[in-house]
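Scrolling down, you'll hit the structures one after another.
Each of the next two complexes has chain A plus one more chain, namely chain B in the first and chain C in the second.
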Partner chain A sequence: MAKNSKLKVAIYWAASCGGCDVAVVEIGHNLLKLKEAADILFWPAAMDFKYSDVEAMPDKHIDVCLFNGSVRTSENEHIAKLLRLKSKIMVAFGSCAYEGCIPGLANLYNRGDILTRVYEETPSTENPNGVIPTPHSKVPEGSLELPEFYDWVKPVGMVVPVEYSVPGCPPVASQVWAVLQTIIDGKLPPVGAVLGAGTKNLCEECERIRDGTKVKKFVRPHEVIADPNKCFLEQGIICSGPATRAGCGRPCIHVGMPCRGCYGPPEGVKDQGAKLLSAIMAVIDPEADVEQLVQQIADPVGTLYRFSLADSQLQQTKWAEEKKK
Partner chain B sequence: MTETTKIRIDPITRLEGHGSINIFLDKAGKVARTYFQIPELRGFEKFCEGRPVEEMPRITQRICGVCPTAHHMAAVKAADAVYHVDPPPAAKKIREMMYTFFFVADHATHFYILGGPDFVVGPDAPPAERNIFGVIAKVGLDIGSKVIQALQDTHEAVAIIGGRYINPVGTLPGGVSKPISEQERVRLEQIGQGCVEFGQLSLKLFEDIVLKNKQYVAMIKSEDFTHRTYSMGLVDEHNRSNFYDGKVRVVDPDGKEFIKYGPNEYLEHIAERVEPWTYLKFPYLKNVGWKGFVDGKDSGIYRATPLSRCNAADGLATPLAQQHYERFYDAMGGKPVHATLATHWARLIELLYAGERALELARDPEITSTNIRTIPTATPDEGVGIVEAPRGTLTHHYITDERGLLRKVNLVVGTTNNHAPICMSVQKAAEGVIKPGKPVTQGLLNQVEMAFRAYDPCFGCATHAMPGQMPLTINLHDADGNLITVLSRDENGRVSTRRAEEL
Partner chain C sequence: MEHAEKTVRSFKDEVMAEPGGQHLQRCYSCGTCVSMCLINQTCPDYNPRRILRMVMLDMRQETFENPTIWHCSSCDLCYPHCPQGIRISELMQAIKNIAVREGYESPLPTSQVDEEKCSGCDVCEKACPYGALSLVVKTIDGKERKVPQTNKALCMACGICAAACPLSAITVEDHSNEKIAARIQAGHWLKKTRGGEPKVLVFNCSWNLRAEDDRAAMAELPPNVRVVTVPCSGRVDPTFVLSALQAGVAAVLVAGCEPGQCHYKQGTRIAQGRMHTLHNMFEQVGLDTSRVRFVQIGTEERGRLPAMIMDLVAELKSARVPVA
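Presenting the complex of A and B:
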């Protein structure tokens, strides 16, 4: 970064819930330190209004853009491309931007299914004329525009290249501050790294006892009173720990709930779901009826890929095929 | 310039991404109609199909990262209903305690960071001062640090019970995942005491800064910020407000009970309208009907806000909050109150109630009970869960197969309730400011912004924690839709006007 000039940071959201922005606020008093060290050009950028301002900037004017949210609409895509052009470093911030997160499960259905369900089928909806929101609509006084709702949820890295990723839904406050400090200090690792997390899996840090117990039956969290000191998986409760990157501090496990994988796969693992599946297979009792046990796993795709479906190998293959067409 | 004009305001929203406001003027230059658009959709109603119902408290939180705890609670209550399971009393109390601590945090965030600065620092203050730092400058570092402390403490309380403040995980059908230890209880009681003091302090501040200022009071009571709609809120068996459980009560614009319904009956009373120009639907009272964007007894439009909750209830269940509740109606000229900006006052009364209720629960001998789970045994089928989210009544409706995997999901979300009222408030505020022949100024931005901020519609929460203002822009279009002028204000409060040919 140039000396004598403050770092220029943009914090932006696309299709997201706001949790990543709240996570930044949760750094508390450190916000003031951030303000001292950096000019925050947007937090967040306003859409149409800011287009012109952002467009007016020279390319690479922004030092670091923390981009949260996935790409679901034409507006999200437009802004992702614009910010890419104007930023030296683009960070996929939080699970939506990094791997699609829970809203990525929408990729199990197409656009039409979603619109039909929301605007026609839901029992509270009264829509005798089958009205569906559309990008261009006529009203008596003139016309109104909406962004196009795409068929897919995509992590931002699939729309534009990103230098770094920060996992978590949302990233925990201590890790958010650690990432910001790294940026402020100019100590960013080589491009491609995952920031604000560990490299190993959650189990390596977990204090719960693992004694090699093999599983004869899988159960769901509400069906049993689990032993608070033993490994969930060895008790037959699906826990995403073996396929999840460490770094969150395990708040869910500390209140007696299994991990669902919001920190994404650990270093070196490309597909979180496949990794979790292999970990599950490894705890099954060799004498058990494997087929029966597998059937006991409720909603395999939504469990194995709870946060990472949009970034899974399966999804990539599908997109690659579509591109060929 | 041709006969009519279209004005477009693009603010940032929190709930569903981004929002914009369009105002059309008639030939005479008066406001003809406003459109408030939500241009994003994620489709939880569809992609939750196939998911295990016990996971819904952890999945639907991702609808809103600002009020994830509300979705967490509505979801687990719906899941209880799906399994026909009644959690042990201690589990319900632990849930309600987490929820009331969350309410204190959320309402405090709104008053001190989002909506409150308009009043505390002043609507005419430089925009760059109208933020949390401006509030601290005005009320002093001592009180300012108490605000920050209250936010930190309430976040800690939610995390003690649910693991973390954003997206807590501590509940599952039939109960909660972890009992409260005595050590944790002591800390929660301490935080609860702090919340009660903080609630009183906040109401005192409101009294000194807002109520003693005639100009503010006149603004609150002005017709520009008034809508006579139905009011909705969850009430207990004595018709007192409750955020976690009870029946939904709706009173008409005169304050008379119109309907009181349990979660399972919501479809008999609530319908949602679809418009082609926004991705968000418009709920209304089914048995009154949709009559367009108008208020009054013949229009099914209702509001679901702190103000409407006070209107819909006969009182509050805790002593200090009840005193303020009575004072509120005395000062505002009796029930019901329809002044949109009085929502800020009602919100602080609710904050005090939530603090008192959290403290009560932290002192409840049963709160440390280890009997916190009922294992569901019935075959799962269908259930509805309703809570009061800070921004309105929140309904989750699930239908599952016999394994408890979701077949159908329906959601009527807090801010969605207020979509039509927000449109109306924006229209009225615009009518109050836009006069034929007068140029559109920053006043429009401020008034329109105040009109919808009163609803705390999940807009710009995180944004407003930082210095600055929500960036807005107004685009003026002629009758053919051609852009004439852009009036905009950036996050530093700078206002600029550009003619179309300069763009």
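Presenting the complex of A and C:
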């Protein structure tokens, strides 16, 4: 980064809940330091900008773009490509951009199923004429355009190349600030790195007691009153900790919820769900009925791939099968 | 006095005093255990009857120096057949325990822990069917950390820990992730098309084939079938399965032993849990479930594996699973 001029930063949200934008705000008084070091050229969730502002920029004008949200519509894709063109460094910021996150679970369904469910079936919907949004609609006043709702959800890195990824749903404030500091100081690691997180799994930093108890039964968190000091997995509660990257500071564990895996797989793990499955099935009790244990995992994809389905080998296999058919 | 008593005590009494060794004297050397044991496939010298006889004949030194005393993996296939109801696995363990105290070491390969990669998550300790891994506090790079340590006398190198470790911090010689991947890819098998025949990858437990005939039948499988031998079906990480499918394999079949007959006690149950959950997930995402198959083969049906594989190939053809 040029020392004499301020850093130019853009923050965008695609298919996301807004939590990642809130995570940036959560750095609190450090926002003033960010403002001192950087000009924010684009941040639709917080300030008034138009897409035309970005379009008017010369290529590579933005130093760093923090892109949060996955790609679900043609608008998401268009802006991802536009920001890629205008940015020197693109960061997949937060779990949606990094690995698809919760929106990625929509890949379990197709576009038709989702639109029908949302616009016709949900109890809170009143839509007597069965109007379903379409990219182009003719109305007496002329024609209206909406972004196309794709049949799939992809992490931004599958649509445009990204230099770095920051995991987390959302990334925790301390890590957001650590990442911003790295950017401000110009101390970014080699391209491809995961920023704002550890390299090993969450168990590395978890203080809960592990005494070697094997799993007799898998239970869901609401089905038991868990011992607040013991390892969740040893209590039969599926905790994604073993197959999840460390670095979040364990906010879920501290409030009595098992890790759900939002920091993605640890370094070197290709597929978080497969690795988690490999680990949790290895610790079953010799006396337990295996088939019952299998049945006790309600919604296995949602449990094991809660945040990483769109970026998983399982998903790739599915897309490859569809392509060949 | 105590010392004198120790020296006069026979080896037989010593073994019988060891937990698990109490039924030694019931053995009348019928050899039924030898006929049931699978170990002589890989180690023809292994003969539990002879080892027990050596103990009874007070051949202390010779027993400890016999490299085969470490082989028993406690599968207990022999136990239900022993007319005297002796748990030979426990007897063998009693002998091993004394040998360890005498300073003897198992010559068999064992699991290796990469302490650098390890996070101390303790999954391996719970996964090991032998209790061979336990966490110990060590100072690594100036930091106090808990890392697993392998008890060489207990480890049977089944590789269950290696598959369970979320950080690939444990390897078992000859069956590392890299070596298994190399066996899958050998001869560019993944890259070559097989004349429109669906490619089937089989992870076969190394104890699944018994007679020479079984092995010969496996060798005659067509080139679109690749059989990768793993020490135990519990060594198969679901990541292997997904990686193979992603690379264009039509289906992956994992073959383990029947529950209760698993050479490594728990491996086949672990594989069952993984593969059946994978099957459920395939259903959930809308993938063809014939692409992930798990079979458990009893000692009596060992010869059936080639036929099972060819049935799967036929099924894949009729289901029109895409062929790479």
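Some points to look at:
In the analysis below, the second predicted complex is superposed on the first by the 302 of 325 C-alpha atoms of A that agree within 3 Å, B and C clash if a C-alpha of one lies under 4 Å from a C-alpha of the other, contacts with A are read in each partner's own complex, and residues count from 1 in each chain.
Just so it is clear, contacts are C-beta pairs under 8 Å (C-beta built on N, C-alpha and C of every residue); 3 or more make two chains touch, one makes a residue touch a chain.
Quantities reported herein were computed from a predicted structural model and do not represent experimental measurements.
In this superposed model built on chain A, chain B and chain C occupy separate space and fit side by side.
In the superposed model, A:Gly241 lies in contact with chain C only, and not with chain B.
Counted by residues of chain A touched, the larger count belongs to B, out of chain B and chain C.
In the superposition on chain A, A:Val191 contacts neither chain B nor chain C. In the overlay built on the shared chain, the residue A:Leu304 is in contact with chain C alone; chain B does not reach it. Aligning the two complexes via chain A yields an angle of 140° at the C-alpha centre of chain A, spanning the centres of chain B and chain C, rounded to a multiple of 10.
Looking at the shared chain after the overlay, A:Ile209 reaches neither chain B nor chain C.
In the overlay built on the shared chain, the residue A:Lys270 is in contact with chain C alone; chain B does not reach it. Judged by the touch definition given at the top, the superposed model places A:Leu108 against both chain B and chain C. Nearest C-alpha atoms belonging to chain B and chain C sit 9 Å apart in the superposition, given in whole angstrom. Chain A residues in contact with chain B (one complex) as well as with chain C (other complex) are 108, 299, 301. Residues 107-108, 200-201, 203-204, 210, 212-214, 231, 234, 241-243, 246, 266, 268-271, 273-279, 281-284, 286, 290-291, 293-294, 297, 299-301, 304-305, 312-318, 320-321, 324-325 of chain A are the ones that touch chain C when the two sit in their complex. Interface residues of chain A, counted against chain B in their complex, comprise 13-26, 28-29, 31, 35, 40, 42-44, 46-50, 52-53, 69, 72-73, 75-76, 101-103, 105-106, 108-109, 113-115, 117-119, 122-127, 131-134, 137, 139-144, 146-147, 149, 169-170, 172, 220-225, 228, 251-252, 254-257, 260, 298-299, 301-303, 306. Interface residues of chain C, counted against chain A in their complex, comprise 117, 119-123, 125-127, 129, 160-161, 163-168, 234, 237-239, 241-243, 245-246, 248, 259, 265-266, 269-270, 272-274, 276-278, 280-281, 284-288, 321-322. Chain contact summary for the complex, chain B toward chain A: residues 4, 6, 8, 10-12, 14-15, 17-18, 20, 22, 24, 32-33, 35, 37, 39-52, 54-55, 58-59, 62-66, 68, 79, 83, 148, 152, 155, 159, 161-167, 169-170, 172-174, 177-178, 266-267, 270-279, 281, 283, 286, 290, 373, 375-376, 397, 403-405, 410, 412, 458, 461-463, 465-467, 470-473, 475, 477, 479, 481, 486, 488, 490-491, 503.
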